[in-house]
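Chains here go by letter, A, B and C, matching the order in which they are written, and residues are numbered from 1 within each.
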Amino acid sequence: MSKLDSKIPGGPIKDKWTTYKDKINLVNPANKRHIDVIVVGTGLAGGSASATLAELGYNVKAFCYQDSPRRAHSIAAQGGINAAKNYQGDGDSNYRLFYDTVKGGDYRSREANVHRLAEVSGNIIDQCVAQGVPFAREYGGLLDNRSFGGVLVSRTFYAKGQTGQQLLLGAYSAMNRQIARGKIEMFNRHEMLDVVIVDGKARGIIARNLVTGEIERHSAHAVVIASGGYGNVYFLSTNAMGSNVTAAWKAHKRGAFFANPCYTQIHPTCIPRSGDYQSKLTLMSESLRNDGRIWVPKKKEDVEAIRSGKLKPTDLKEEDRDYYLERRYPAFGNLVPRDVASRAAKERCDAGFGVNKTGEAVYLDFQSAIERYGAEQAKIQNIENASHAKIVELGEKVVEAKYGNLFQMYEKIVDENPYKTPMMIYPATHYTMGGVWVDYNLMTTIPGCYAIGEANFSDHGANRLGASALMQGLADGYFVLPYTIGHYLADDIRTGKISTDSPEFEEAEKNVTDRINQLVNNNGTKSVDYFHKRLGKVMWDKVGMSRNETGLKEAIEEIRSIRDEFWKDVRVPGAADGMNTELEKAGRVADFLELGELFAKDALNRNESCGGHFREESVELDGEQKGEAKRDDVNYAYVAAWEYTGDPKDAVLHKEQLEFNDIELKQRSYK
Amino acid sequence: MSTGKGMTSVGRKVLMALSGFFLLIFLLQHSAINFLSVISPDMFNEVSHFMGTNPVVQFALQPVLAFGVFFHLIMGIVLEMQNRNARPIKYVDNRPGANASWMSRNMIITGIMVMLFLAIHFYDFWLPELNVKFIKGDMTGLNTEGQYRYYEELRHKFVDPIRVVLYVLSFVFLSLHLLHGFQSAFQSVGFNHNKYTPTIKKLGNIYAILIPFVFIFIAVYHFITKTA
Amino acid sequence: MNLTLKIWRQKDSNDTGKMVSYNVTDISDHMSFLEMLDVLNEQLVNSGDAPVAFDHDCREGICGMCSLQINGEAHGPDRGVTTCQLHMRMFKDGDTITIEPFRAKAFPVIKDLVVDRSAFDRIQQAGGYISVNTSGNTQDANSIPIPKADADEAMDAATCIGCGACVATCKNASAMLFVGAKVSQYALLPQGRVEAKERVMNMVNQMDKEGFGNCTNTGACEVECPKGISLTTIARMNREYLSASVTKD
C-alpha cells in the first residue's frame, strides 16, 4: 500500500497549486534543448502538451495513429468546455466549479487535483481565444455561455456543436508552429506498442510505423501517455474506431498502476442502435438537454401503438406522456448528470416503455422549446397575434441556430426530421473516468512516465460532468504537465541522449515483434471483429450500466475464455511488413481482452454504487431517495489502483484513500 | 503576385482575372462600335476612322490589347497544363457534371475556340488594315471613290454564308466563355460578397449573352440585308 | 440489397494498382457506407483475403479521416456528409458502385483507398497558426469584443475537417478551399490579423510547392465539401493575398 504516494502538496486547498509551482525545480532554457520528451497521442491533452513542452524548449517527439494529429478523437466533442469565468454573473467561482466537479464525480476524485483544474480553467479560455478559437459570441461581441448537466450556472463555452474540433485545431495549430520550428518531430500513422524502462525510469517507446510496418525504437527522458480512453472495450461506443487502450495498457504491464477501470460514463443522449452490423454509436450533444425534454409514454398500449407505427409520438396527448426526469428530479429535471439520466432511461426501457422496435429508445422532444422560442421571437419582432404555425417557424429557426448541425446529423443517420418529430435517444458508452493512476504531478507509478487527459484516472471521480473532459485535457496539457514534468526532468540535465541500443530496448522490441508474428502467423478461422463483438456484448450486458456480483463473476470467466479463444483462433490476413489494418485491430483487441477482465474485477471489488458504477446490491431502500444509487463512503472512499503481476486475474489492489477536507461528503441529490 | 521565386497560383489567377477584365471592357467597346454599323453607316465610318488612325489607340491601346489577348491565352494554356499535371492518375469513374457547370470546366475549350476565331478575324480585318495603313501608308481611310471604306468592307465580309455561320458559332463559344468568366474574374480578385455577388452573377449572365448576341445580330443583319 | 462494388486495389505505393469487382449481399438501408465496406472486409477476411484498406476513424463526420471517391463524387452522391455519414439508402438494389481513392499528385496512394494527405499538414505548418505561447498570461478572453457576425463567419470557415474532398473533386486538384478556409478563419479575427500578411503568403507558397493545381472557380469544391465551406473563403484568401503582396516588403 505504501507504493502509492499521491504527492499532494500541503497548505490550504486554494494555495496548494500556487505554492507548489513556486517551489518545484525548473530546468533552465539552455538545458531544455538537451532533453527529449515523447508524447503518445495528439488529442487535446497530448496536442496541448506537445506544443507547450516544445515552446518551453524541450525536444518533443509526438506520435499518433491517425494520418494527422488534427484527427484525434477529441475532435468529436460537441457541447463545450467549462471554465469558472463567471462572465454571466450567475454566482460562478473556482470553488463552485471545484465543488460541482467533486460532487458530480460522486466524491471519488482527489480534491487537490480538482481544485487545480478549476483554478486553471479560466486560463484555458484566454489561451484558446488568443489562439484564434472562434467561440460563440453574443451580439455585444463578448463570449456566450450555456448550461450543462449537473450544475446550476452557465459556465460552458462553445463553438457551435463543434467545440472539441475547434479546441483541438487550436492545439494542432500550436503544434504546427512548433513542428515548423523543428521543436516537435511528428510521427503520424505510428502506434506505440511498448514503453521501455531503463534503470527503473521510462526512457522510450517501441512504435510501429503503420505504413511500412517497421518496428522503431524511440528514446527520450520522459514518456507522456495521452492516448485517451478505453470505451471501445464495449465494441460499440461513441469513441472513434481506432480509439484504444494499448498505450495505457502497455504502460500498465510495465508497472503503471491502472486505477478505477470500472468507472465508465454511459452517455444518455446517443442515437439508438439499429442493427448488428453497426460499427459505432453517435452522440447527440448533452447541450440538447438544455432545450429538449425527455419522455416515454405513460401507458403500455401507447408504447405498443408507437412501436408498430400506428401512433405518432406527436399525436400523443401531453397527459399521456411521462417526463420521467422532470418527475423524478424536479430540481435538475432534464439536466441531471449523465449517469443519473442514463440509468433513468434504462429503467424506463427495462420496464417496457422503450419507444423503438428494439425497445431501447426514449424521446428527446423539442416541441415546447420551439414554441417557447417562437413566442419569444414573435414578441421581439413585434408580430402581434402570431399564428401557431408562425411561432413554430420562428422557434425552429432559433433551434436551428443553436443545434442545426446536430439536427442535421440526426436526420442523416435516422432519416427522420427532428424538428417535426421527437428524436429517439439511448445511452451509450462515451468516456472512461478510470485510467492510468497518476500522482499530483500526473506521473504514473513508473518514474518518468506520465499520463494526461482521459488516459489517466483523472479528476472526474466516478462520473464526469458535461464539458469537463475538454477542460481537463487542456488543463493537463497546457498548464499542469509543463510545470510538473520540469520538476522531474531537472535531474536529467546531465544525462545526455538516451541510447536505443541498450538491452532494455532490445527486449522490448523483441516482445513487440514476437507478439506481431504470433498474430500474423496464427492462421485461425475467425476475424478480429468477431472476438471484439463478443467481448463487447459481455461488457455491455454484465459490466454495463447496471452490475451485480453474479454477472460480474460470469463476465470475468467469459472474458477469459474469449481471450483464450482469440489467441487460438484469430485470423489476421496479410503480412506484418506494410500497412495491415487487421493487424492493428488485432493488437488493440488483444489488449481490450485483458483490460476487460480487470475492468470486471474492479467492478466486482467495488461493492457500492457511485457515479457511473452502479451495483444492484447497493441502492437506497427507503426514504426520499428510494431506488437511487447508494454510495458507501466508509468502505470505498478510495481509488482502486491495480498492479499488473502477469495476468489480470492476479492484479494486486492498492488503495489510495481519498480525503475530503474542503467538501463534505453527502448523498448526491438532484431531486 | 510573386514572392521572389516566381508567380504563385493565386498570383496567376489574379492576373488571369485582370486580363479578363480588360478584355471584357474591350469587348464592350468593340460591340458598341460595331453596332453603329446597323444604326448609321456614317457614324460607323467616322468612329472606325478615328479608332484606326488615332495614334493613342494605334500605338498605345492596340499593343496593350494585343498583349492582353496574348497573355490571357498563354496564361490559360499554362494553367491548364499545370492543372492537368496536378492529377496524373485520372478517375475511372468521373462525374464532373454533378458539381460544376460545363462552362466552368471547359474554359480552355471555349477559350481556344474564341482564339481560333480571332485568327480568322485578324486575317479578315486586322492584317488588311495593317497592310493598307502601315505598309501602303494610306492613312486616309478612303476608298477609290473618296468615301470612307470601313462600312463597305464590313458589309463585304458578311456575304459568304459559311463565314457568317463560323462567326455566329464563335460568338456562341464566347458566350459560354463569358458565362463563367465574368463572375469568375470577380471571385479571382477577391470580390465575393453576399450582398453584391448575386447581382454580379446576374450582370455577368446578361453581359455574356447580350454582347455575343450583338455581334451575332450584326453579322446576321448584314447577311440578310446584303441583296437589298 | 445486393450490390456490385468496383474497388481500387493497390498493394502499396509502388504497385500500379487496378480496379477489382466484388459482390456484397444483404446490405441494409440503415447501414453507413463504411459499415457496408466492413461487411465486405469481414467477407474477405473470412475467405483469407486481404481486406480493403480505407481511412476512417470517428465515423461521425468530424475527424476528416474518411475519404473515398464514390461513383465519381467525393464522399459519394449525398451532400453535406462525409463517407462515414453516407447511408446506403442513397443506393438501390443491383447498383454497381465505383470506389476510388482521392486522386491528386499531392495525395499519393499508400494502399488501396488510403492516401497520404500530409501535404495539408505542411500547409498548416507554413503559417496556419497564431504565434502565441501557452503562458496562461494572455489577456482576458473578453478583452477584445468580436462582432458576432465576424465570429460566426470565422467559425463557419473553421469547420473545415481537412478531409481533402475539395482537392479530390476539383478538376484541377486545387487545395484553395482548404487553404482559403484557414486563411479566412484567422483573417476574420483580431487575434489573427497580426500575422495575416505573412500567413497568407507562406501558406499559398507551400500549397504551390505541394503540387496542387490552380483554382478556376468551378465551384465544385463548395458543392462537395461535407462541411459546406463557402467559395467566399477563397475570395477572401485572394483578397488577403493581393493586399499582402502589394503592401508587404
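Going forward, a residue touches a chain if its C-beta (ideal position, glycine included) is under 8 Å from a C-beta of that chain, and two chains touch if they have at least 3 such contacts.
Note that this is a predicted model, so its numbers are computed, not measured.
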item: Best-connected chain pair, where connection means C-beta pairs in contact; value: A-C
item: Identity of the chain that, by mean CA position, is farthest from chain A; value: B
item: Interchain centroid distance [CA atoms averaged], chain B/chain C, Å; value: 37
item: Geometric centre distance via CA averages, chain B-chain A, whole Å; value: 62
item: Separation of mean Cα positions, chain C and chain A [Å, integer]; value: 26
item: Chain A residues touching chain C - in the complex, by the definition given at the top; value: 48, 51-52, 55, 66-73, 75-76, 85, 87, 120, 123, 125-132, 134-143, 159-160, 162, 165-166, 169, 172-174, 176-177, 179-180, 186, 188, 211, 238, 240-242, 274-275, 277-280, 282-283, 408-409, 412-413, 415, 478-479, 482, 527-529, 571, 573-574, 578-579, 581-582
item: Residue ranges of chain B in contact with chain C within the complex; value: 1-3, 5, 8-14, 79, 82-83, 85-96, 98-101, 104-105, 107, 180, 183-184, 187-194
item: Interfacial residue positions of chain C with respect to chain B in the complex; value: 6, 8, 19, 69, 71-73, 77, 98, 100, 103-106, 169, 171-174, 176, 201, 204-205, 207-208, 211-220, 223-224, 231-232, 234-242, 245
item: Complex contacts: residues of chain C adjacent to chain A; value: 11-12, 28, 30-32, 34-35, 38-39, 42, 44-46, 48-51, 53, 55-65, 78, 80-81, 85, 87, 89, 110-111, 114, 116-118, 120-121, 124-126, 128-136, 138-142, 145-148, 151-152, 154-155, 158-159, 161-162, 185-186, 189, 191-192
